[in-house]
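Take this structure first; my questions come after.
By letter and in written order, the chains are A, B, C and D; residue numbering begins at 1 in each of them.
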Amino acid sequence: MMATIPLRGKQIHTGGATLAERYREVRRTTEVLAAPLSPEDCTVQSMPDASPVKWHLAHTSWFFETFVVEPRLEGYRPFHPEYRVLFNSYYNTIGAQHPRPARGMISRPSLAEVLAYREHVDRHLLALVGGEAALPRASTIALGLHHEQQHQELIVTDVKHMLSLNPLHPGYRAAAAAPAPAAVAEKLRWHTHPGAVALIGHEGSSFSFDNERPRHRTLVEPFALASRPVTNREFLQFMQDGGYERPDLWLSDGWDAVRTQGWQAPLYWSRSTDGWQLHTLGGTRPVVLEEPVCHVSYFEADAFARWAQARLPSESEWEIFAARAPVEGNLLESGGLHPSPLCAAAGDSPAQLFGDVWEWTRSAYAPYPGYQPPAGALGEYNAKFMVSQLVLRGGSCATPQSHLRASYRNFFPPHARWQFSGIRLAKDG
Amino acid sequence: MMATIPLRGKQIHTGGATLAERYREVRRTTEVLAAPLSPEDCTVQSMPDASPVKWHLAHTSWFFETFVVEPRLEGYRPFHPEYRVLFNSYYNTIGAQHPRPARGMISRPSLAEVLAYREHVDRHLLALVGGEAALPRASTIALGLHHEQQHQELIVTDVKHMLSLNPLHPGYRAAAAAPAPAAVAEKLRWHTHPGAVALIGHEGSSFSFDNERPRHRTLVEPFALASRPVTNREFLQFMQDGGYERPDLWLSDGWDAVRTQGWQAPLYWSRSTDGWQLHTLGGTRPVVLEEPVCHVSYFEADAFARWAQARLPSESEWEIFAARAPVEGNLLESGGLHPSPLCAAAGDSPAQLFGDVWEWTRSAYAPYPGYQPPAGALGEYNAKFMVSQLVLRGGSCATPQSHLRASYRNFFPPHARWQFSGIRLAKDG
Amino acid sequence: MMATIPLRGKQIHTGGATLAERYREVRRTTEVLAAPLSPEDCTVQSMPDASPVKWHLAHTSWFFETFVVEPRLEGYRPFHPEYRVLFNSYYNTIGAQHPRPARGMISRPSLAEVLAYREHVDRHLLALVGGEAALPRASTIALGLHHEQQHQELIVTDVKHMLSLNPLHPGYRAAAAAPAPAAVAEKLRWHTHPGAVALIGHEGSSFSFDNERPRHRTLVEPFALASRPVTNREFLQFMQDGGYERPDLWLSDGWDAVRTQGWQAPLYWSRSTDGWQLHTLGGTRPVVLEEPVCHVSYFEADAFARWAQARLPSESEWEIFAARAPVEGNLLESGGLHPSPLCAAAGDSPAQLFGDVWEWTRSAYAPYPGYQPPAGALGEYNAKFMVSQLVLRGGSCATPQSHLRASYRNFFPPHARWQFSGIRLAKDG
Amino acid sequence: MMATIPLRGKQIHTGGATLAERYREVRRTTEVLAAPLSPEDCTVQSMPDASPVKWHLAHTSWFFETFVVEPRLEGYRPFHPEYRVLFNSYYNTIGAQHPRPARGMISRPSLAEVLAYREHVDRHLLALVGGEAALPRASTIALGLHHEQQHQELIVTDVKHMLSLNPLHPGYRAAAAAPAPAAVAEKLRWHTHPGAVALIGHEGSSFSFDNERPRHRTLVEPFALASRPVTNREFLQFMQDGGYERPDLWLSDGWDAVRTQGWQAPLYWSRSTDGWQLHTLGGTRPVVLEEPVCHVSYFEADAFARWAQARLPSESEWEIFAARAPVEGNLLESGGLHPSPLCAAAGDSPAQLFGDVWEWTRSAYAPYPGYQPPAGALGEYNAKFMVSQLVLRGGSCATPQSHLRASYRNFFPPHARWQFSGIRLAKDG
């Protein structure tokens, strides 16, 4: 049963913990993720889409400082006046921003200073939270924690990319024990749905991002959803069938990307005399055929689906099934970082909807009917990105488990591959 | 009542004309559009998105040669063997293509040779059509004619852009008589709809593109649609209220475009000591305040709607209203090329849905539920572009009238401004 | 013997013709060069470094209008007020310029209008010249004629490049008779020079560009110059010896160009099943082994010389020999456009110094000691380009014969290949 | 008097120290320069032209490992096999290279590992050197030390640039005491030279780079050289006279740079309400008017000279004077990093030729007559860069003093500004 914290008439569900406890736990998790990394690792920006870990550590603190501590704590002196600009990601309402592609120039503040900044913000925020029954800005704190969890995944994602560019092939941490000789993945089955006018979007008073609301009606026609994600074995068949050489399988923009980027396999695959190798957070190892294929773009997901005579699901279709699936254990928190062992789908629902790979949908990222962004600067959190991106659903092995839910909408442009993104097939019913 | 031509069990509606008559008429119209242009005008490519007129003239012929004449006319010798590559736009199934950004390099074939190519294709196609009761490939011919009508609009659109880059400010043709001192546009009213599960998509056996099908159910919640497009007067208010300086009004990608492209007004507007001037097909003239604003990107349409505390319609909402509106006269064919005089909305339906400006919708371009692209090369006609674009509806002053219909889906990326694109507002009901 | 025209105390040598006659002849030659080209051919700009023929035709007229007619002819009305900007190449002193990379956008004025512009300028200039004994601005007219001759070569050079991008492989004009089965080029010999403090730079009162002056002392150490340019046969040996695959042969910037541009042979060479083919002004034909290699960059010339255990000459070395060589017939004016048949070197001087290919020197383009640019706008003619370019000497098959002289300094950046540029080797003595 | 070390018949001058002592000293100086920097500071690459300090530390060790230890020390095991590629700058003869623009991706090896690498190389090299009377590869060691001194200056130069991009405006180290209220710089005087055939290039058996040889004859006409470098006060007059707005003062490529880069002052100048500020290694401070202007490109130096009705010297002119000037103290080693106090020129020679700013010459970087690059990989040290660069002479406040000499040739492309580069004027005599 969920504990709740009174919040000016609303309830913040924190899963049995006080908000302060929850705050401490999320903040500490972020630092645990950065712990295996050197100051140098935390400074490098591998591409404009990615950010240095140090920047993630500081920006998540900036969020609490800017949206919680400063407006509420009288006489608060910012840790450093320049941080307002330096660690603002994209909030024009707050003011100017350090240019995103130049985040890797910030050798200073040092990692140690950024950790001191985190401690400074924590101390003041907890002082603010501690004494009051009716929490000030509790919903903003909850938002800040979910925001920080998003950056936890980005830390892992961006570090993986950064290390992949290093010719020494370092791992983020010691390699996990070699994956057990994998059982063959279950034969792919199709779970059918008769179509309906269904409700999707976040329900109830527990936390959600603004873009998951309002809960609203959606019309789906009869369809079927695959029982599990596409595996490396299946994707290799696509490759062996000329998948990357046949323009008829690709969207026009996708085919351009294949040629101009020289794509011949998912990101992080490399061909060796021993077959396909995979760059992972534990170093380089062979591709395991039974694992879900990961680090594919929307273009590749779409081309694979066309080759398989199927299609990608819409986000409505996905959510209708996910709403009844259990949120499974995620391996980031339980110690693993490679995709979970494949489990057989139990009962009448697709498996592995959560915690293996983000699953590309065919749905363009757009506001739900009736959507209103929050007032003020936080209205920039999601709303201004609602164009030219595709929705992904589910959550990956790098997504914090407590962060997963059926209504969660992730989104990236169709060429993005450095996210933990994979494929689940759908079909018309 | 519509005349029909028997077509292996299907009917081709040609509005009372035989298919051969219709063919001749459409082909002639294209040449009439090119007639005011010199060989030099027809050769220049003003940007990679646009094509030279000569290329449009040849490519539309290539379409008939490749998809109708060659497969059906025994012993046919292509007009020129290299044209197969040179005038293939994007059909990978047919083979290689001359690179799109290099279409402006083709000084040869000359305009005269391209016109001879058109005549050659016409002669052979009409010979093929002439003698038979059951027309070979009649549906492909119909497709080719609608394809050519699309290129008629592109000819006008691309010429307008090309001439806008010429510091001599030439017009495409003699300026139309100065627009009559315009009546003030009608006060904007809102036409409401109670919401429904409605059917959209093309109905019946008359011609449509594949992307308009299948007709299918769509769910719309209560909404209201503006009685007419946004006018220059209204857009100027947005500009005067700092529309191009306020990031809070813009999508993130849109704000990037404002800054990197230096947008300060719609395309073709220029500031002079006499106020805002407009580059038109008849030369430069003052902006007429009561005309629909035109040549705005999706980003500008979206920002304007946010400023106006409204939103853009979805394509479902648009089509539901349009299905009951009359397709109004279009001025391209009746002699005008500037947007139509504003007429008062009659009855219970929004006005000017057709024939003034293409109207940006908030809907990402995607396949309809159950959509199947045609088999073979023609499957590339629409399907492979269904990502990263937005749907526009209605039709502009440059759209052939016989080409307009409620289910027609035009699509462009959100930054595109050189199309005749404007804004119609919507609201939640 | 040379006729001269009195020029306020100076003499203009016009080779026996009056200045008016010379003017008419040069202007007519330009038009003859454009005559085989369609209006479309004359409009296309194939790359930012090249210009449309129409632009060349107009700019050379702009030169006379701006620097001769306007300042001297009272009451002169410019042909078109916008041409001042449109056809200004780079004279900031005169005012704004149409951007160079956008010269291909100028479909209007038409070719016919540009020819009318030429006629207009000619008429007024000749009226000005006709009546006076002491010619106004005769030296500027002489400069304008040499300027126009430079553009004659550029017309041929730019047309060749433009046609090379056309997949129809058109020729500029009917192919010349197949080159006679070429005699083997003479064995390369070395002409030695003992070194000296010599004088170089233009001597006497006949025409020269400002950059050829002042005549000045230069110190050369003992050296040897090859008796003839490098042939295609020799260059092919370099290629077969891995010339384009061995970084040790290349300057660092040159090796970058090889890799990023994908160079594998001189410009206009293409491999076919019949061996190496050459794009020429007469269409495509096999590479003739005994002809001088042409259309190589400085980087290729330098790499070849290193491979051949030689080096490129300095411009001083080149000029010392050229000063005693006869200026040979050039084939542009005598009807040929491919490089001249190889003649044996007669006597004690290298052959083919003029009229085959421009010869890259190792000398950076810089002002001569004591150089002063002309006052006013014409000071921009040469002076502002004296950095980051290399000097070429001699003259090509496309250079007007009357334009050639030992002191002439051509200059291009080291990656340029679309000029008629070849290689002559030198060695330390 | 200089001590010498026997070297297979040659002498290595080490200024009284043994080669081993000299090696230790140079290596230690490099580490002292890096000491004020954090691991993060040492990792960032601020632009493709610059390198991370960590890379400089490793590459200079790679040089000794590759060219001295590996070829001579039997059984030597490289510190890390991947370093051969990772820290190879540009030696194609040695093999592949990590791409220069990606040097900032190398978070690993860590700074600590790189310092261990240095220690490893030092230990083996000194073991090699220690026991032998006739030193193996002593000339290569001497080259390696001068190479490392070049990188010492680059460390300072690149750190300065990197810190300039940090909005926190950090200094490299504590600011030096505020510069004493500077005496007004001496009035600029002109030292004349009557012209001569003189000898330049390195003389004698002491160390020089290959590009300083062979000593050879050069012809100079009468000229005059300014008694001191141009000061900030003088450059400000140029700016106030519209220097950055007048195209007539600039080379064409320079004017392009002004407009596309938005240059309005030397690099590191910024306008504040208190006047012009300067980013320095000690943080931001006001521009001191009497100091030599620094961080100007060749284009700016050339434009200033034109404005001042002078010109830049040739490298021959410069060296003729420098050969008789004393090599003055350089402040890097004596504790200062800002340009030296201006001293009055004593006697008959220009002052400050060494140790303030590198002085742009008008001479394109090219091989001296008779130049032969060294055999093998070290032939790539200088020779392959001899195009598209200009020679600078003298040496800056960041140049190691023992590294300075009259024949030293530095070289950079004309747009480079991040070097400590300034201006000395010359005139025709």
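Heads up, the rule we're going with is that contacts are C-beta pairs under 8 Å (C-beta built on N, C-alpha and C of every residue); 3 or more make two chains touch, one makes a residue touch a chain.
None of the values given here were measured: they were computed from a predicted structure.
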| Length of the shortest touching-chain route, chain B through to chain C | 1
| request: Calculate how many whole Å lie between the centre of chain A and the centre of chain D, each centre taken as the average of the chain's C-alpha atoms. | output: 47
| Could you state the distance in Å from the CA-based centre of chain B to that of chain D? | 60
| Roughly how many whole angstrom separate the Cα centroids of chain A and chain B? | 38
| Which residue numbers or ranges of chain C touch two or more of the other chains? | none
| message | I'd like to see which chains touch which, written out pair by pair. | response | A-B, A-D, B-C, C-D
| In the complex of these two chains, what residues of chain B are touching chain C? | 38-44, 46, 54, 80, 82, 85-86, 98, 102, 104-111, 162-163, 165-168, 170
| note | In the complex, chain D touches chain C at residues 90, 92-93, 197, 216-219, 221, 247-248, 250-255, 298, 302, 362-364, 366, 369-370, 379-380, 384-388, 390, 413-414, 428
